[in-house]
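Take a look at the structures below.
In what follows, chain A forms one complex with chain B and a second complex with chain C.
After this line comes the complex of A and B, so read on.
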């Protein structure tokens, strides 16, 4: 699972009002190179929660993302490279996602988070 | 004729390893899936500017549909309930991210994030009540509600479905329209039994003039025309009540009354039940003491 997906995911348990962002517990990461597409990054940028992305990247040991961002930075090649790396190249392979409100763990195995809920959580 | 997969077992058990294996070995399945995805993408009508989008693949299974999305350069997130199918997807090294989740429990995605959604032969599974806790109506509502939320304004969702019969098709599309989607059904090759394919094309936001899809009709009309006659009837009953001047005790015994019955029936219709009896002048009337 890449951080772009993590940025879109929120906890879906019934009654949870603040299930975003999910905490990350990483035990294995993998980096797979992919082609940088500035157009896509510019398109996706307004939809991202920057703070959540930065915190998530932090918890995976990526400290290259700045705290404050402006749309003008999207012209900067270095920034785009770091942004692309954090968003699309680093994969969380093993670990867990944790709901910030209830502390419920969603295990991640082979890069696939298990978001299935129990009967009493629907 | 073989039994429909939906009739055999719940999806998480039906798509076991042997079934999932077919999706890598059978060239026929691969071919059909690719064609359906192409058609779904066409119906999705993304702006033709070459910019990749973030799409949702609902019921991505082994990632065959996702591969077509990747070929078009899009980023995608796939959801499926079957672990075996996702294992195959991992084997095939699909490019999108995969999530093991039950779409009937809602999608759990942040609002307004997706540029579009496609689904190939998945949504009809929601009509099954495999467990005692599964209610198709609630699951459809959860699914379409959360799908509507996570799509960006003006985005589309194209869901290819294999409905078992007409009422099921109606149930699915009615559930979608009730969640705020506009749009309707596109039927490819309607005169062929085998090549016939149903695509539910849904649009977020207000219907625009660019959409030439047929809208589902007959959702509310029945109840509207009967509204006026109901009011007259009620006025009649009030008169009788006045004349009798019942004591408080008697009033309680009378039961819930016609307006209550009408309200409840209206609620049930609104929830999508089709077996609600018509409103007539006999509705809510007390039965004679003897037949």
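After this line comes the complex of A and C, so read on.
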């Protein structure tokens, strides 16, 4: 699971109002290199929750993302490299996603998060 | 990539060995999958460079087709863990990579407008009544631009009405009618195969 996917996921247990972003517990990470596409990064940037991405990256030991992004940074090669790496190259293979409100753990196995709810949670 | 080439690659996608009846796990064959995705890209530019979600991805056929047509990122969602394992293997086999999430579409754990296009072959609602409409509702919530989906031709008027009136679609168009060839995957199928008429729909959300 990449952080681009983490950025889309929230806890949807009935009654939870503050289910985003999910915390991350990482038992196994993998880095898989992929081609950097600046156009794609510029296009996706406005759709992301930047703080959620930055905090998630931080929890995985990636500390290169700035707190605030100026538009000019999207033209800067170093920024794009760090952005690309955090968003797309780091994969959570084993671990869990944690609901910030209830603490409920959604396990991640072989890179696949299991977001299925129990009967009493729907 | 040409249509024929895409169809040929998709022929390598391994289908369900033991499809689950209650989930209506019919595979999307290479013929329909290739035409669906090829049309989405060549007529509307909805695949290349886009973030695509395959809801009810099953063994991954549509998501893989999107990757072969240069989608920037593909996310497959399915409720069945076995299907997701198979989708993962198929991605390895075809040397593409897809994000996979195990989730129920009735309780989508989704936030936000990251996805551009949804492609899907939802259950027809023959086993679990209303499943086709549930998938459609979820897709229209998730897609930033467009949804491509297959539904029985017999439901055409109903789908158009509900999609626009209740689910927030800004437009709903049948792109073409296809014959869906279902081989006798389940023991209760009396004939060796059956042909049903399905519509390929394009819905817009913006």
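The rule is simple: the second predicted complex is superposed on the first by the 122 of 122 C-alpha atoms of A that agree within 3 Å, B and C clash if a C-alpha of one lies under 4 Å from a C-alpha of the other, contacts with A are read in each partner's own complex, and residues count from 1 in each chain.
The criterion applied here is as follows: a residue touches a chain if its C-beta (ideal position, glycine included) is under 8 Å from a C-beta of that chain, and two chains touch if they have at least 3 such contacts.
Being a predicted model, the structure only gives us computed values, none of them experimental.
*Asks:* According to the stated criteria, A:20 is in contact with first (chain B), second (chain C), both, or neither; which is it?
*Replies:* Both: A:20 reaches chain B and chain C.
*Asks:* Is A:102 touching anything from chain B or chain C once the two structures are fitted on A? First, second, both or neither.
*Replies:* Neither partner.
*Asks:* Can A:2 be said to touch chain B (first), chain C (second), both, or neither?
*Replies:* A:2 sits against chain B and chain C alike.
*Asks:* Report for A:119: first if it touches chain B alone, second if chain C alone, otherwise both or neither.
*Replies:* The first partner, chain B, only.
*Asks:* Determine, under the contact definition given at the top, whether A:63 touches first (chain B), second (chain C), both, or neither.
*Replies:* Touch status of A:63: no partner.
*Asks:* Return the residues of chain A at which the contacts from chain B and from chain C coincide.
*Replies:* After superposing on chain A, chain A residues 1-2, 4-5, 7-12, 19-20, 34, 37, 39-40, 43-44, 47, 49, 88, 110-117, 122 contact both chain B and chain C.
*Asks:* For chain A, which residues are in contact with chain C within the complex?
*Replies:* Within the complex, chain A contacts chain C at residues 1-2, 4-5, 7-12, 19-20, 32, 34, 37, 39-40, 43-44, 47-49, 88, 110-117, 122.
*Asks:* Taking the complex as given, what residues does chain B use to touch chain A?
*Replies:* Residues of chain B touching chain A: 50-54, 73, 75, 77, 81, 86-87, 90, 95, 97-102, 105-110, 112-114, 131, 133, 142, 146, 150, 152.
*Asks:* Note which residues of chain A are touching chain B in the complex, please.
*Replies:* 1-2, 4-5, 7-12, 19-20, 34, 37, 39-40, 43-44, 47, 49, 88, 110-117, 119, 122
*Asks:* What part of chain C is in contact with chain A in the complex they form?
*Replies:* Residue list for chain C touching chain A: 49, 51, 72-73, 75, 79, 81, 84-85, 88, 97, 99-104, 106-115, 144.
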